[in-house]
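Shared chain: subunit A. Partners: subunit B in the first complex, subunit C in the second.
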Partner chain A sequence: MSSPLLHLTTKRDMYRLASAITPDGEWSFAEFERRLGRALGGVEVRYMELTEFTVGDLTGLAVWSADRSTAIIGVPAVASSDHKIHIAGHEAWHLLARHEGCGRCTAAEVDAETFALRLGSQIARRKSRRDRQSLDLATAFGVVGLGA
Partner chain B sequence: MTTAHLLGAACWAFALVGLVVATRGGWYRNVIPVAFGMCLLFYSLTGENYVPLTDPGRSPLTTPERTWGATSAVLGGCACVGVMMALRQKEDREAGLDQWTDSRLQRHLLFLVLLASVSIAAINLGLSRYNLDPSSNFLTDYGHLPGVVVYEIVFAAWIMIPVGTLGWTALKAPRIGPARWLVAVGGLFGVVWGTWKIAGVIAILTTGSHVADESPVSVTLGLATLTTNIVGVVACVAYFLVANRRGSRWYQRQRDAEDAYLRRSRFGRG
Partner chain C sequence: MSQFAVELNRLCDAKWPGGDRNANGQMAEWVSQQIHREVDRQYIWRIRKGRVYKVDADVRDALCTFFGVPADHFSLAARRTVGQEVEAAIAQTGLQVAGLRADELSAGGRSDLARLLREIGQVLESEKNGTES
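After this line comes the complex of A and B, so read on.
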């Protein structure tokens, strides 16, 4: 059951987690792995670019190791760099929200896509040093949670 | 309703803007907008404190009012410089560190807080050691006293340096929109205002010139600094929100198109 407070809390959590896993400077998947691992409570995260997918409509995947000490995120190697970040963000939300076996679960997919859009659109507009300075200043001015 | 009433109401409205920014930052657990909101709040309270100077029929400011005005300016300036430090050092931070683990930022912030504390102590010590009667010509009457000189210089420095830095930072951030020029002009007003204040103190000390505290130049520049900065910040936020919405739509269309392509290719149905 969805309430306005729940919506606000989810929005806040998404903002906080997107900020937590976004590198301060230029985007790097190594820094993303480290930050996501910390946000997940100190697990190892491995980002992998896969040369082929053979499972239905999937364009990305997130799996845990049997002992849950390692999480693996896979994205198609042929995707553009923006799309790789988007897919990684989508899969990161599944890990952060502890979704289990929700490959077709609509609500979980909608939330993961919302998170990926938030993270990805932010990263896409933080490419140059000036862009990052602008977005950080806008956040200081109070845009926090609304887009930056 | 007099001009002073209108300016006072505007200062309280600006303070409310600061409170909203700080509260939003608190809700999202982001310390930078909290600090910036506090900066707007305290600077607005500084402006509100000195608004009576615009009323010709006012009674002179008392020493406690002057002490509070300068103290709130130091608090606002400290918050502003802290935000600028955090933003500046963010870009050059080593991989693996963030604002909570960057010891260089922590050292600099600690030094900043100590400097602000010393400044507040200096203002209080400087003004409280004299039994000053309220005066309409504060600088002319008391500008020769060392404690008053310290008060004036500390007060001016904690406005001109932070506000000037904010204006310069805004100028180098093109994505926050054309209103950044308003913030930059606000910064320039702040620097000119501070220079005017310090030059006045030096003029009185060295030549004994007459500089009225309620000088229209000082009051006009001070309130212009506050107004242009806060209107500029609000306009930047409005611009950013519109641009952000447009950018998000464009981004979503790009992702939808690439996703559809991947699903059609061998990366989809295997």
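After this line comes the complex of A and C, so read on.
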């Protein structure tokens, strides 16, 4: 399946894609799957929490199904919620950038970590915006301060 | 069983194809002479059964000289084995790795990768068959 995102090289791509796959509301992996699938050109994305991370030097993985119709992101089931999101972001970049294989490429890993941080920033920014909007609404209805 | 035990048993099978009741004793005697401390045949037996979690480097090196193999024989054998394990998991599941979040993968990490691929494969298969994993 072709994707319009085969050649991702710029920081602008990262910002745009981090924004594209970040849910508008509270973080939800279901929404993340849907948005990432759309960004990948219409493939199914599956987020899985896995148990077989035992050694510690492997903390996440991204794989394609044999027919490449499904992309799977695996994270350790025991990781904290924030860490799971960070790992999912890291692996999302491997999928978006169409990386291949088990080999280590430092540049690819740096990019994936950078993208995971961008995703974290987007999540924080949207939460801040929602909080501000809630505050604006509360202020408009004269609720602020009543409970203090 | 550890990769070390598997490879040691393979070397023993090659050296004594019909088995040898005193194989562990011969290895223990050689190792003791090489490292200048007493290693008994029970210890060798425990290594071969995979009951020794970490084999000391001097014992490992002495076993290499006993069998006339290079000092890095066991680490190379382990790498070959786990490489094959990952390849087997990829062949079995049909999954293709796009990326890993990992430092340089140890033998244990590669074993994890093989197990994770199988875990994903099982989840996908059970969903395809309409059953819960």
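Here is the rule we use: the second predicted complex is superposed on the first by the 107 of 148 C-alpha atoms of A that agree within 3 Å, B and C clash if a C-alpha of one lies under 4 Å from a C-alpha of the other, contacts with A are read in each partner's own complex, and residues count from 1 in each chain.
The definition used in the following text is that contacts are C-beta pairs under 8 Å (C-beta built on N, C-alpha and C of every residue); 3 or more make two chains touch, one makes a residue touch a chain.
Bear in mind that the values here come from a model prediction, so they are computed numbers and not experimental data.
Of the two partner chains, subunit B and subunit C are each touched by A:E52. Contact with subunit C, but none with subunit B, is seen for A:H94 once the two complexes are overlaid on the shared chain. With both structures placed on the common chain, the touch criterion links A:V110 to neither subunit B nor subunit C.
The larger set of touched subunit A residues comes from B, when the choice is between subunit B and subunit C. Residues 52-59 of subunit A lie at the contact with subunit B in one complex and at the contact with subunit C in the other. Residues 12, 15-16, 19, 23-25, 28, 30-31, 34, 52-59, 76, 78-80, 82-83, 86, 116-117, 120-121, 124-125, 129-148 of subunit A touch subunit B in their complex.
Taken together, the subunit C residues at the contact with subunit A in this complex read 86, 93-106, 108-109, 111-113, 115-120, 123-124. Within the complex formed with subunit A, the residues of subunit B that make contact are 20-21, 24-25, 27-30, 32-33, 35-37, 83, 87, 90-93, 95-96, 98, 169-170, 172-176, 233, 236-237, 240-241, 244-245, 247-248, 251-252, 254-255, 258-259, 262-263, 265-270.
Looking at the complex, you find that subunit A touches subunit C at residues 46, 48, 50-66, 68, 70-72, 74, 87, 90-91, 93-95, 98-102, 104, 108-109, 112.
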